[in-house]
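Both complexes below contain chain A, partnered by chain B and then by chain C.
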Partner chain A sequence: MSPSKLFFMRMRGMLRKEMLQIRRDPSSIALAVVLPMALLFLFGYGVSLDAENVPVAVVMDDNGPPARDLMARFLGSRYFHFRQAACVSEAQQWLAEGQVDGIVHLQDNLTARLAQGRPAQVQAIINGVDANRARLIQGYFQGLLQTWQSQRMMQGDAVARPMVGLAPRIWFNEAAVSRNFLVPGLITLIMTLIGILLTALVIAREWERGTMEALLATPLRRFDLLLAKVLPYFILGMAGMGLSLVVAVTLFGVPLRGSIVALFGLSAVFMLASQGFGLLISAAIRVQFVAAQISIMAGFLPAFFLSGLLFDLESTPLPIQMASHIVPARYFVAISHTLFMAGDLWPVLLPNTIILAGMATFFMVMAYRKISKRLE
Partner chain B sequence: MNSLHRLAALIVKEFTLILKDPKSRFVIIGPPLIQFFVFGYAAVYDVKHVRYAVLDQDRSALSRELLASLSSAESFERVAQLTSTTQIDRIIDHQKARLVIHVGPHFSRNLMNGEPALVQVIVDGRNSNVALIALGYIGDIVGGFNQALAGRMASGRSAPGLVSVERAWFNANLESQWFIVSGLGGLISMVVVMIITSLSVARERESGTFDQLLVAPFTPAEILIGKSLPGVLFGMLDALLFAAGAVLWFGVPFRGTIAALVASLACFIITIVGVGLLVSSLSRTMQQALLGSFVYIMPSVVLSGFTTPVANMPGWLQAGTLLNPLRHIVVALRRIFLQGADLPTVWPQIWPLLLMACVTLTTAAWLFRHRTQ
Partner chain C sequence: MSHTAANIVLKVDRLHKTFAGQGKPSVQALKGVSLAAAAGCVTGLIGADGAGKSTLIRIAAGLLRPTQGAVRVLGLDSTAAPLEIQRWVGYMPQRFGLYEDLNVRENMDLHADLQGVPDSERAVRYQRLLAMTGLGPFTRRMAGNLSGGMKQKLGLACALIKSPRMLLLDEPTVGVDPVSRRELWKIVYQLVDETGIAVLLSTAYLDEAERCHQVAVLHEGEKIAEGPPARFSKQMRGRVFIAEPPAVAKPRQVQARLAGSDGILDATIRSGRVRLVTDGRTTIADRLFKPWAIALQAADPCFEDAFMALIPQTQPHPVVPELPTPPAVSVDSGVVVQVASLSKRFGAFEAVKGLSFEVRRGEIFGLLGPNGAGKSTTFRMLCGLLSASGGDIAVAGRNLRRASSRARARLGYMAQKFSLYTQLSVAENLLFFGRAYGLSGRRLSRRMAWAYTEFDLGRRQEQPAGALPGGYKQRLAMAAALLHEPDILFLDEPTSGVDPLARREFWLRINGFAEQGVTVVVTTHFMEEAEYCDRLLIMSQGEQLALGTPADIRQLARKKGEQEPTIEDAFITLAQDSVDTAA
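== the complex of A and B ==
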């Protein structure tokens, strides 16, 4: 028989064994299909940085027309949900108990001071425990005051003269919907999960159960073995990606401004890099327990914290930024953010893809050598 | 042999199982410590070093003054000076800068005439949170510039009518590191405890020694205690270590009482041990146990309010998070560290944990016997 025919025979047998193994242990299917879907729904609904209907106590010690007008504007805002408190101390108690996230205090001299053309203070107290949320609330609050002032000015009321005004434009995400950047990042997380964890477990399992010796005794070559371990989980991972993409676009309304071909092509590169990392772990560590631990600690958690999918990398201290360069997910988060929100911008996509391809090659070669070494 | 004697033997066996293997010993201590430091520094929402470019078409003293007040702010880092509007697309698209400040040609003329002068700010929205926070900072800087300007030009012109005075309670400088690090100990100890306990029964099932354990003269309660203790001990050790680390290393204030901290952590860790044992007794292999604990850990972290506020979730999901032990401990830890809560104040977080511990532990003990057939 010709060598290529032999190769296909070996591969067919080995792939059949892998498929049977996947089918018989439902936990792999759960990890590859059910978990990504569950995660996508969880993140899509559960993770949002957009504060809406923030409960705020308002204390009105002034009842003049400007104060009531201001109050009406507050009530109409979709960001806040106002509750009137009788006095400051009651509002402060609500804040301490967590019933409200902020207090707005209109002091009793507001109308009088505005009438005299003097600046009047509006006091705001915000619960600062969640600093990011507090900052966003501050921003919304200032925005409300500014709009109110410019409206008064247009009506010919000289209460305010904003001198320098800001005209902000947020590109790629006009309404600043956090879901549009969180969901593409989440797809990275799902692919990391399938690629590293599932692949890491499959070889470690063979060692642990002693079936690796049996596999090595067959005419299967190391390359065949590696390919047979990579291929089924590659297909599972890409299927998970496709499924996530459909849910992201149809259910969560995330825009896909780049091309589908680019998305699938670059995802395949990232999938191979993740799988290479998983293979390396499992080839080096033959115990499932430790292999799983390491893939969670060194694969999954960095993909969450050091990839820029939720926390901005450029704002972290320099050593963290440097460490993030060895996390494959970092490059794919950049790719998916750009592909989904901005489009096929090759000057951004290409450098990231080249690094990912380099990582995939490096991990695969290392895994190959690790396996072959043990044979001698 | 009396009960205590038997129990002691069982406990020694359980600890030996975990501690005899140097790799699993390392896994209990090494990675959690690394995570604590890496995530303490990496998981922050504060926006720093925002790279920005400037397009100044006015080139007046006033426009330079405004831009100077921006470049002296430590959150911003100027990377380029543009000369025409056509360059804006490219620099944002290619992520060379995250925002561009565009001062139009009539900026100073408008200001001198008492008309509002608009400054255009173009932000890269690929990370919408950074975009909003950075815009907020710029708003503050422009507000300061306006006030300084009003002070100088006071004659004949009215100063801004409304001045907002803002204060943040519990975290005056709005350090998001305090928010994350105060809850981090709960998160990491949960991962450690879940992995130790979820593997404990599954490992014995896989190697067949669990049946021996069941025919040995132990009551289900004794087996439960023996299986729980390593998890409780290592979990408490990690959680308290990280609480100390939060205060001593990251400088998070500790305003509450030690009693509240220890009590709420203990209740939380016992609950998680129950969950871990539940997962463990439901799985036949170690792989299933690990995947099972992962299936539990992921949603529980997402729905805890650890990284993103529970208040932003839809109402039905917010109600669902009440069943999540991590949510309660994260709230309790933040209240203890930052808001100075004592034991009675965190009781609303403790009693749900106690209730969940009772349910998970008794179900796990019942499953030990009834899953074997």
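== the complex of A and C ==
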């Protein structure tokens, strides 16, 4: 038989074996399907960086029409959930007990001052324990007041006219929904997990169960072994990506502004980089437990914290920013954010893709050199 | 077939292999071994654990690189052309290398694809291999659900998928039941006769050496002898004797006294009689046999006798307490372990099916059976480590289901693979286990001193347990289990992975403890070890095959006009009977 025919026969055997094992082993299915879904739902529903339905106490010491008008605006907002307090001290009590996160105090001179055309003040007290959330609430308050003011201007009420007005507009994520930012990033995490952990685990499993020794004693070549371990889990990883994409777009309403072809193409490059890293781990580690530990420490955690998936890397200290450059997930987070929220912006996509492709090649070549057909 | 230059398939030339240890001293696994294997011939590598057998086979399969020297297979160097060799050689690793989550057929398909067996030839090839191994009816069964013997045969079928020119088998029969062992040998012979294949196999079972055409004896990385097995036995002519124990003494009492005496190289119990190997120079002193009048009969030597004479005996024999004269025939002194219709289910799988037996005080009771027979499960239930699904167990008069902790204080337990803290030193291990059993102060130090002398561990006090040789690990584990002077000693596979010398020593020691009144319950997959037990239970696939003294059990296999059967013969007869009744 010709060498190429023998090669295809070896590959057929190995791929069939891997497919059967994947089908019969609930743990690899769990890792490729159940875990991504769990993460997606957890992040999609459970984790939100937005503040909604914030409990706020209102103290109305003024009952004039402008005060009531302003109050109606607050009540209609989806960001707040109001409770009326009798006096400021009661509201402060609630804040201290954690029943509310903020106090809006309309002072008794509001109507009078507005009628005189003088600037009036609304006091806002915000629970600042969670600084991020406090800033968000503050922003909502300001936005609300601003809208109310412009409304009054249009009605022709005499209002102190500010000299310079800010006209903000948020791009790419117009409604500023943090889910649109989290879910595309999460796809990176899922692919990292499948690529590194699953690849490293299945090889360590072969060592633990003693099947690797039998494989190595056959005419299987190093290249065959590498390909047979990359291909099935590549497909599994891409399927996990596809599934996450469907859930992201349909269930969470995350926009996909770039093309699907670009998303799959660039994901493939990232998948190969992850798998190359997984193979490299497995070339050194022959125990599943240790392989899992190293995959989490060296693969999953950096992808979580150093990729810009949860927070912007620009605002982190310089050493962390520098360290993040060796994490493949960082480049794919940039790609996926761009593809989902902005579109096929090649000036952004291309450099990231080139770096990822370089990493994939490096890991694969290293893994190929490290794979040995011997036991030592 | 003889070894002529023309049909030499494998040539090992002054092979050295050193494993560099990481932080540990490096291990010299092979020290200049040379040997050859010819086509149409079964060549056996015989030696204890750690002799270097697996290393040699792995180098031949191209899986390890020699440190020095070379192995040539079919004229190809195993370092330079491993892929080419792997096309022509079938290799079965020690653990068979099967995918347990693939079925029989899928495992065969994988190996056929890897070896490049053309699709058109497969039907015929598979049919032949399945018929040969008897796996035909099980092609859809998962390899993980096969018995040990069937796994071994599937491993063999996979190694043979492409009619290799050489077959490498690394301890193919270890832990497998005697019936399957015999069947494997039948298959190997059939192959050699029909195809003229060369077979190189390693084994720690000395009786299997006799089945090889040619053997090489390895000891600590060196080849100490080579030749056809018959030549080995021939050298021993006139040096092997059988002693019939008197009616008043147990065979193991006689054996314990004779072992280690001047001029006696080996004393074992075979079919209720003591077999002696002498050094051929010293005449056996009559005083050894006093007060009994024992006559020695000359016996036909076998390979094992020669092996025992060849191996340098460095370890001192344990001191066996002087026997009372005449030895007290076991006074019936009450039942210590009582088991009634014990069963254990793991999900749908019935691991133990309705066992009933009792163990009396001062008795050595054996649980025998191949791997997977349910021995360890039974054992763990006896020790209160596993709860029974049905039936009753009373240990030292206490029902284990209710008062397990109080019953446990009176028993010593030695787990499979010894369960020592490998990073702790010998002394630290003893200290820990002593305290765990509630010893302290003067009693603890007295018992530790006892352990050092009794087990010859004194010089190794500071060594980490992980660095001890196999035999010493076993001693330390036994010492740990005996520190609190238990009435009952449970030993799970104490002789597995231990070389023949250490195994003999172990049984002498156990014999000594039994003489002092300790009840011993022991599991083993070595059928010949049954002879050292007072009574035993033979298990297979969770069921009780036989219960009684070794003599009772041998009796079950006795056929007219044939020589005295062994326990292994009895097992085979029993296993076949149980298959017949099931069918």
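By definition in this document, the second predicted complex is superposed on the first by the 353 of 376 C-alpha atoms of A that agree within 3 Å, B and C clash if a C-alpha of one lies under 4 Å from a C-alpha of the other, contacts with A are read in each partner's own complex, and residues count from 1 in each chain.
By definition in this document, contacts are C-beta pairs under 8 Å (C-beta built on N, C-alpha and C of every residue); 3 or more make two chains touch, one makes a residue touch a chain.
This structure is a prediction, so every number in the text was calculated from the model and none was measured.
Once chain A of one complex is fitted onto chain A of the other, the partner contacts of A:Gln142 are limited to chain B, with no touch recorded for chain C. Once the two structures are overlaid, the count of chain A residues touched is higher for B than for its counterpart among chain B and chain C. In the superposition on chain A, contact of A:Leu216 is made with chain C only, not with chain B.
Applying the stated contact rule after C-alpha superposition, one finds that A:Cys87 touches neither chain B nor chain C. When the two structures are aligned on the shared chain, A:Val365 is found in touch with neither chain B nor chain C. Residues 25 of chain A lie at the contact with chain B in one complex and at the contact with chain C in the other.
Note for the complex: chain A touches chain C at residues 1, 6, 9-10, 12-14, 16-17, 20-21, 24-25, 209-211, 213-221, 373-376. Considering their complex, residues 23-24, 27, 31, 34-35, 38-39, 41-51, 66, 92-95, 98, 111, 114, 116-133, 135-136, 138-139, 142-143, 145-146, 149-150, 157-172, 174-176, 178-179, 191, 195, 199, 203, 285-288, 290-292, 294-295, 298-299, 302-303, 307-309, 311-314, 317, 334, 338-339 of chain B touch chain A. The touching residues of chain C, when paired with chain A in their complex, are 19, 58, 61-65, 82-83, 86-87, 89, 91-102, 106, 109-116, 118, 155, 158.
Per the touch definition, chain A reaches chain B in the complex via residues 25, 27, 30-31, 35, 38-39, 42-43, 45-52, 54, 70, 95-96, 101, 114, 117-136, 138-139, 141-143, 145, 148-150, 152, 158-174, 176-178, 180-181, 197, 201, 205, 285, 287-290, 292-293, 296-297, 301-302, 305-306, 308, 310-317, 319-320, 323-324, 334, 337-338, 341-342, 345, 347-348.
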